[in-house]
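Below is one structure, written out as structure tokens; the observations come after it.
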Amino acid sequence: MHKPRMQLLASFDIASLQYLDQRGQTTQALPDFATPDTLITFYRQMSLARLVDDRAVKLQRTGQLGTYPSTLGQEAIGVGVGGALAKTDVYCPNYRETGALLERGVAIEEILAIWGGDERGQNYRHAREDLPLSVPIATQMLHAAGVAFALKYKHENLDEPMRVAVTSGGDGATSKGDFYEAINLAGDWKLPLVVVINNNQWAISVPRSAQTACKTIAQKAISAGIRGLQVDGNDIIAVREAVTEAISEARNNKGPTLIEAVSYRLCDHTTADDASRYQSKEELQQAWEREPIARLKAYMLSAGIWGDSQEEELQRELAEVLEKSVNVYLNTVKDVPTAMFDHLYQQLPEALLEQYQALQGDD
Amino acid sequence: MAQITLVESITQALAYELNADQRVVVFGEDVGINGGVFRATDGLQQQFGVDRVRDTPLAETMIAGIAVGMAAQGLRPVAEFQFMGFIYPAIDHVLSHAARYRNRTRGRLSCPIVYRAPYGGGIHAPEHHSESMEALFAHIPGLRLVIPSSPARAYGLLLAAIRNPDPVIFLEPKRIYRAVRQEVPDDGDALPLDRAFILREGNDVTLISWGASLKETLAAAEQLSTEGISAEVIDPATLKPLDIHTVIDSLEKTHRCVVVHEAPRFGGLGAEIVAQINEYAFDLLQAPVNRVTGYDTVIPYYRLEDDYLPGVSRIVSAVREVLEYSTGEVK
Amino acid sequence: MAQITLVESITQALAYELNADQRVVVFGEDVGINGGVFRATDGLQQQFGVDRVRDTPLAETMIAGIAVGMAAQGLRPVAEFQFMGFIYPAIDHVLSHAARYRNRTRGRLSCPIVYRAPYGGGIHAPEHHSESMEALFAHIPGLRLVIPSSPARAYGLLLAAIRNPDPVIFLEPKRIYRAVRQEVPDDGDALPLDRAFILREGNDVTLISWGASLKETLAAAEQLSTEGISAEVIDPATLKPLDIHTVIDSLEKTHRCVVVHEAPRFGGLGAEIVAQINEYAFDLLQAPVNRVTGYDTVIPYYRLEDDYLPGVSRIVSAVREVLEYSTGEVK
Amino acid sequence: MHKPRMQLLASFDIASLQYLDQRGQTTQALPDFATPDTLITFYRQMSLARLVDDRAVKLQRTGQLGTYPSTLGQEAIGVGVGGALAKTDVYCPNYRETGALLERGVAIEEILAIWGGDERGQNYRHAREDLPLSVPIATQMLHAAGVAFALKYKHENLDEPMRVAVTSGGDGATSKGDFYEAINLAGDWKLPLVVVINNNQWAISVPRSAQTACKTIAQKAISAGIRGLQVDGNDIIAVREAVTEAISEARNNKGPTLIEAVSYRLCDHTTADDASRYQSKEELQQAWEREPIARLKAYMLSAGIWGDSQEEELQRELAEVLEKSVNVYLNTVKDVPTAMFDHLYQQLPEALLEQYQALQGDD
């Protein structure tokens, strides 16, 4: 058949960023921020996240914690993203967020409290403006757009740097309308927003390949007319660089960016899941070859900025930190039942007084 | 002072609060230069600028969701849904987030949002433009639900809703947007958010209604009065939390009650009112509370909508029924 | 015959109907190889293939919406929402389309859809995994709402729901998914969709409940019986349309009634039941109907959820209250 | 600042199709289907749509019809799309659809009945499997995906041509989650679906430029990994060609296509709207220069396949057709009130009998 002639209107490229390959070797010169101290801090924080996850899973297994979503294998995303924000920026998290929350100053016992069935965990002592964990998939992205609007609205002079909002979600989240509506609005209103997708290849049992026919998730940015790129989500240097750059664009009123960080969920979806029902062992094994902590360690070892004694010292320190928080968590007594009314409205409406008193009487 | 309509009183309240409080931001589809499809935001963008009165892309989930983030950052978002029939994609964010943010974070963050929407039938509009689904929101913990029925109440209640520290669903009975004019002083005085209004005093029967149905309810009361029947008419207006005490007080006098709403009967707010009367005033009742409501059908396209909406005659018959009722012997 | 749990009876019913009717298609998040997060679809994809038992992308609006199109083309979609807490983005399509397609097209097209979701609290799950918002659906004209409370009823009612020519919201009380085992013959026999079940006969008081709360309601009845109080327990199960006659018949004997549900009280289905009792059985009542319900708060994170859920002792006290009630003199 | 090196993952082009420019001159050789007879039929159908719109607006103005959404200026899209489907395909329309419905065989009196407040209008005598008009924006796109699934599901051999689903929506609709979720699923499941966007530059008062930061709406296809292209929506030859081609791809199991048809709403949004509040006169005037009917006529005149006498004859014929239908519409008596129950469920549930009877008694 005769092909009609068409006029080209627009072209788009999607590209990917990496500094460390899976053996921990550099694929290009590292960015300036990647000093030995910074890398060691990255390593420490990722190691802490992994320890917290591990401990949380054990607490769940022994009936001391509810369902828990581990970030095993995705620590470079959590730490890479969470640490890229300025203190005054606002993080609008997903629920699989241990590394990022630690970076934001949320206490381990707060994280445990949330998954331990206690709303008080979300009343962070630090990061008081960060949004709470969000369980309904992708909804937080719209909240983040609202936050970004507010930050821009409250900012007097758009020629000066702004506070920004950063939000995160999974690969599964990119199938949901909220995600598209959020990025479309962010593009439309040029909001200071960064959206990071933790593409860990799975939405519970549904593989990334079954979520969308897209080659990359980054290309979904094109539907909103915003910047989109992919990073190696197991390379914390790449993650941090990309997010920092995107934040800087947002800060300077250059609008939003979508970042797809490609990683792998090395754990069950949550402690309520059994990934062996749907995940091939080989795929999992191969994914372990690419995991972020060993990779960074390999680089640090080869660069001579890390060694066995430091590793031992670090593990000892982290174990102590963890232990302390776990104890705080385990020793927190249950809230009073009437707490369920205390924060429902700013002031208890008269119409609820009777129920409040009934509940009190029940105690 | 000029007399204004209900929809103009909405505009007046929005303008007052936009002026008084920099944190107030109005947004929704066509609220800007067009002033909203009912002109509720007429002139506001011109007066307050596009940052404060803003058209959104066409996405109701988004409208509901961004309000949560804006509120968490201390703004006072006032979001408009063009018609209640298009509010449903917003329910997830209203229910799962706006209504829960304060509780979820134990007071760290909160959602002082007003979600506005014109609602109800009777304007010969296309499908989905005539919905009365207030009961869906009334069941959601953490929300307030407000429905004004006069220009003055619309003004005072909307101000109260915007100033309220928690999320409010504010439904505007569009059938009476322009039904009456009143003097509404632009004095910034808010009304309380948990007090029912007694619109007409009476001794023989208590009629409870809200929104546009009050028009027929008051007309029915008027008609009954010509027959020597004295009906008290109560507009709860702040439907959640509900001021049941005003209703009970009235029942102390009347002992008989009819609830009127245009929403479908099954699971409508009438049911909750009957249930609370049953709980708080069982011994006062001399007849079962009667409900005059929309049928448990989809509100029809407009050629049949008058057959669907509770009219004066249905209300009057229902009142007659409760007045003629005499308690059986079974008890 | 093997004894099976409620969730296994769901699987059995799905398998039966997938086998019997090529038009049946099961889909939702993780319903395929994973068999659903509660294993309600365990083995079905393996047995019937990916075309008939299919994982969807993660999008609940989509799940609800495609069901409408599939049904309009004559299929019998059975859509799973992973938890009721994630069903809200689906409400728009359920309310605006599934429930209206037949009426809108005057019978030309219809929506024989089953929307399934596990619901209710008490399993120590994370936030949003413990919701009981059945009242939202009960208010929507054109829908049916079904909640089974035993393996046998789950089997028979799910078959009926799938075969029903109109849309059905089918909520599964996940707290009792594995609470009891029963012999459930895989005979393909459906139960009627508009008949309440009397789970226990009694003369002194009528207890009405559904879903998982029946566990505590039946336990309360048992406890009361040791005190010589004989409680009749009714499971409406098909909550919309509601079979109120079975309730009224019971009240002819008992004259006293308690409704128990785990959903928030205000605007819950208990209110509608009380309202209908008021309408149909006013003279039968010797005490106000009592409601034992979840509080009008968000269901708390799990450490407090037992304080929220109606327990045996609250039900027993409520029964005592209605039994001790003696009608005042006011009337 | 030093720019990091990135690896290119994917590239995308968006192009546009046109045959007739705004003066009715060909910009490339016409496709084979564009015979004189076909063009004359196009012209007839677009003219009929315009007449129906015009009459409907007048009926509304005189209180004989409810709110009506005219398709003025967008007739090439309605007729171009509606006529591209095979009879057995399924059309899943938006609400601004007069031209398309006429092509599908829906009677003028049925269209009028719908906007005249009578559900019976949606009970089409022809096109019995087509979906009803959809008022809630973009929802029909998900229904269409469901229809497409069903058509594929019921089709025995995927190597043989399938029935397809075609859906349409406005530029505003592309901001709503339903649109994205529908195209993402269609790509993912390779559904026989064609999505046509009538980009008439306005969503009531909100201009296309305020809906999204995207340069084109066609590029939103990239977020679903499906084909996307733009056509000149005022050029019915381009519209018909693009839709036919997309249908043919879908029919042959090659998956979905998104088509953006660029046109202009030359009328108020509906009869309830006053576009002069937000629309500039010059823009409107310029848009009139590009409208589809005059354009096709100019070509037909220059090609010598049309003349004044044919025009006169056509207008006479169409006026007659229209008059007949309007009379049927105006003479249709209101349905019985109980009709609101008759089709709510297949069988009236016992629990509703009392209400049914009460309504009957009310009559």
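The chains carry the letters A, B, C and D, assigned in the order they are written, with residues numbered from 1 in each.
Convention: a residue touches a chain if its C-beta (ideal position, glycine included) is under 8 Å from a C-beta of that chain, and two chains touch if they have at least 3 such contacts.
The structure displayed is predicted, hence computed values, not measured ones.
A.B. asks: Which chain has its C-alpha centre farthest away from the C-alpha centre of chain B?
C.D. replies: That would be chain A.
A.B. asks: Could you quickly compare A-B and A-C and let me know which has more C-beta contacts?
C.D. replies: A-B
A.B. asks: What whole-Å value do you get for the distance between chain A and chain D if each is reduced to the mean of its CA atoms?
C.D. replies: That pair's centroid distance is 42 Å.
A.B. asks: So what's the Cα centroid distance for chain B and chain C, whole Å?
C.D. replies: 30
A.B. asks: Can you work out the whole-Å distance between the CA centroids of chain A and chain C?
C.D. replies: Comparing mean C-alpha positions, chain C is 36 Å from chain A.
A.B. asks: Enumerate the residues of chain D that touch no fewer than two other chains.
C.D. replies: 119, 136, 175-178, 181, 184-185, 188, 210-212, 339-340, 344, 352
A.B. asks: Give me the residues of chain C that touch two or more other chains.
C.D. replies: Within chain C, the residues that touch at least two other chains are 57, 59, 61-62, 85, 89, 92, 96, 103-104, 127-128, 141-142, 242, 295-298.
A.B. asks: Report the residues of chain C in contact with chain B in the complex, numbered from low to high.
C.D. replies: Chain C reaches chain B through residues 61, 85, 88-89, 91-92, 95-96, 99-100, 103-104, 127-128, 133, 135-136, 138-142, 240, 242, 255, 263-264, 266-272, 274-275, 278-279, 282-291, 295-298, 327-331.
A.B. asks: Provide the residue numbers of chain D that touch chain B in the complex, in ascending order.
C.D. replies: Checking each residue of chain D against chain B gives 66-67, 95, 114-119, 135-138, 172-173, 175-177, 203-206, 210-212, 272-273, 277-278, 334-335, 337, 339-341, 344, 352, 355, 359, 362-363.
A.B. asks: Give the list of chain A residues in touch with chain D in this complex.
C.D. replies: Touch list, chain A to chain D: 2, 4-19, 28-29, 31-32, 175-181, 184-185, 187-188, 190, 210-216, 218-220, 222-226, 229-230, 241, 255.
A.B. asks: In the complex formed with chain D, which residues of chain B make contact?
C.D. replies: So the residues of chain B in touch with chain D come to 29-30, 32-35, 37, 55, 57-62, 85-86, 88-89, 124-129, 265, 295-298, 300-305, 307-308, 314.
A.B. asks: State the interface residues of chain C toward chain D in the complex, per the touch definition above.
C.D. replies: Residue list for chain C touching chain D: 25, 51, 56-57, 59, 61-62, 64-75, 77, 89, 92-93, 96-97, 101-110, 141-142, 144, 165-166, 194, 241-244.
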